[in-house]
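Letters A, B, C and D mark the chains in the order given here, with residues in each chain numbered from 1 onward.
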């Protein structure tokens, strides 16, 4: 008998989590819920479980050990609070909220509850990124000096998605801010951001949104970090991490669907385009994330990505927006005032 | 409701197949059987099914749509015949038998039965190898001239395994003979083999066995193929296929567990060792193999690797043994006389 | 009979140029000069020419068609002016001067003279970088959006060198500023810089110098560029350029001395460390630079890197220093006021 | 003053050697000779030397320290004998002769003369191949078990060349036979060859020639070696060596002209086609070959590839022809009877 997990939210990512939990050796899918009843029922049927009628039903049930929250962003903080109040461990998709104040309020509310809350920063669980960090921590590159994160989506999301996403920094870069913190091993204290709409200039005019961005971060001890983002990597989802230190460098590079290479009179060693979709690129990471969550609940190990990590990533996103608007290097505060 | 498949044989490879079937979206694990009752029960428990008491029970059951045979080699032909007699589609691990005459007799017995029999040549289903063949068939390299197959095990199997395996050519090279046929697209008509015991010279003295081998094959139209085998690739399971043609070359290369690369003062771009174990290296291939089997049964598509493919690979192994013993290029017959 | 070129300055880089000219099929080494007479004589002897007694002698000689200036930085502008006055085409090492005002004065003085002046931005001539630009200009990646330049020295230069070098941005990044302009195809109008001393913290305290830096540049049309610098890449001289566009990406990657790859139980595909020294890494570029210079003189083609390119790179270095000091994005002016 | 070398033969390869010697720091080009007077004069003019009127003039001259023989194959043995008689060290292009008996007679004639004779097996001097052997000799892969040599020309030579070349094994594979011996570290005692005309079937009918071939060799201690040849690698000159041992593997891989890689929606990491021409691919090897020759003469070090190596490669080619004709594994004799 595995950990009985309920999934709230049956969109694209909720469906994936439901399927992953269903085939996870140490977990089982208890039920699924969605504000659109038919979505929940469709997913429930596919996984051979019954759909819940309400979120409350889930929080109240004794047959459910833990919850995974993959609903719309504005509900995250509420559900986290309800789950914690019900004593149910939570794995919640990022971001906690688009509003840092709401995240802070949530932090205050759940403080001291001693119920595990894990944030859905899946990249921390990626085998390559994770092995890079392990190698660094084992001293393979001496002292870390620079981190370079390349993070590019294969294509611009639909306009409707963009309108609700809260802006590039909170929606997409938030993963990179988290990865930067994960790799740097200490808090960035300064942030610089520069961004504009290159792919779709109308984005800028109509939504005040950007699609291409570059960031520089620095920690108190002087470690430097660069992040670059784009919404249009036609060669596939581009996800690289480079760690440069005094005695070596580590690169967690992109992964191809298979290792066929082509050699012609035009070019050689040509590989298959990278995975196009984040669900495929990070499939192992999403499974390992569930693994880690089961460990949190069963063994009491602290989550690899916790609530405070989710909040800190938001603080960086906020600081980055200030930097972009004011064209200056911004000092990063605790973000709680 | 998926295709209800029973697994016969609960050794290492049977366990893997049982788990793969259990989580396959279009199949379900009906039951498992093993001559050692406790093995069957352990696997049944792990997968949440009940163990069968006998193979006969499986062939007789109306609740079972198809069987996967992963028992000891000497039972393969018998079980294939029983399954076909019972009208149950079969997915059988290689080889059909260590004795070509027995395979021929089995062929005669099941001829005309119109029950799908698929052979466990998993490499045909590997995403990289398969994409190479598809690209070749699409004309990407013009006319095929040469095939180079590198196939090396990470380590010598235990003595007990080797004693029962029937010799390197029937146990290990059989996969490469099949892959050669799969890629060449026509029958090899000539075979040359050279082999000796380099890793463990005592193998040669005591078991009359070899551990390192090189082969050259040629088809009637003149296409050439080289296979090399070793039982000791310390850098991981080495599985490469190269297709050389008039307008290009294709290489299906080895795959690493992830894409971390290390850069130090000693060397650069150093990757993680290849998957060590064939179950890990070919995990996607084994899943796709089940996929293909379900298609055979449900849609009536011919198996990508059928009984005759299993028999032809044996014919090549036999011819290779003659070549090795006599030190000459051997003409390959139909193998049925 | 090739173009007769005199080399001024017989330090490390002057020696290399003298040797390259001596074996260039369309050039010949006329003479060499150095303020240290013995240096000049040693190099002259090695190349089978005689040393000049003074720079004036060179500018006055009818036997000399052109000059290559590889003397100490403070003499560059003077020698450029003298060469132009004498009607001798010039290939001058970077930078023009550490003081932008001096470079501007020099520009004013040589304006209208119609004597070719080429700047020693060797990276523009590198086969890989150059092929990247050609591919981009041919439309292979659609519209350019982002440029990423990684530029890291293998080791910290000696303290004496650093004291005279004029600071990281003018000494080392100057090459990257030029490469950024070369690739962006339009002027950067905004610069951000962040730098500190990570490798040798005493550098910061004693020389007010930095050894690790990150930059972000943007052009008027919104193209973004990141540069990162370090003085300590133990795995070899790290020189990469990445061009990201709407329909593809191009990477001009590092080059190994040869293509031996090692496979062991610890790692696979491990390559030989990159060239350690810039003379080795860019050997083809330095030869092509001479080639380009001969073309300038003989065919009247404009230099691939001209005086104004040298001045613009200085303008960017100056703006970067302002940015670093003031912690803000700086608007780049023409730099001539 | 460097070693004064005369070049006999001003065809494609003689021209290259003349140019390499002319710019070699420890050698100088003394003169050139060709049976076609105008060829010699053209090359002499290009290199700034005067052409010799006859070979005899060269062997008699006191101003010449050594000779490089790049004339037509049938003259090689004669010129070697004449040079040795004149006490002039020789660097002779392969093969010694198309007729093994002539090579044996030459061996007998020059025996005991103590004049260095180096054979033009340039691949022994290739930085990658050479580093592979050095690593193997340093114990990096434990005991060597298998050698795989891939050796493919980019395109079929003209018919006239093929008519005079003496057959694929003596013209092209001779390099691979030598490389096999160089890497195996002991004599192959058994050879198997299989070859046919795949690219141009008329070759087979008209010239009794082949264009695609596969070989298997074995040494007395059991080491195995595979060679494959083709005359049509459209992706460039394909030259790879793989050394497989008990504790690792080494691959000396192909080299691209530069390291630009392309990423599009069709494929990723696509590199520039390999060098097309052997002069470009092995440019460093040809320079190192001159280097080694100067060492032989000046320091008395034995040549890395000597006369006996040239003879042994011929012995293997002869044995391979027997194997191909008779379809059997052939024992390799000393070749001197």
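One rule holds in what follows: a contact is a pair of C-beta atoms (placed from the backbone, for glycine too) under 8 Å apart; a residue touches a chain by one contact, two chains touch by 3 or more.
Predicted, not measured: the structure shown is a model, and the values here were computed from it.
In this assembly, C is the chain whose CA centroid lies farthest from the centroid of subunit B.
Between subunit C and subunit D, two chains of identical sequence, the interface residue sets overlap for the most part, with shared numbers making up over half of the total. Taking the mean of the C-alpha atoms as each chain's centre, subunit A and subunit D sit 57 Å apart. If each chain is reduced to the centroid of its CA atoms, subunit A and subunit C end up 41 Å from each other. Contacts with at least two other chains are made by residues 234-235, 247-249, 254, 262-265, 272 of subunit D.
Within the complex, the subunit B residues that touch subunit A are 23, 126-128, 131-132, 135, 140-141, 247-255, 257-265, 272. Against subunit A, in their complex, subunit C makes its touches with residues 143, 145-146, 148, 150, 152, 190, 192, 194, 196-199, 212-214, 216, 218, 222-224, 226, 228, 230, 232-235, 238, 244, 246-249, 327-329. Residues 234-236, 254, 256, 262-274 of subunit A are the ones touching subunit D in the complex.
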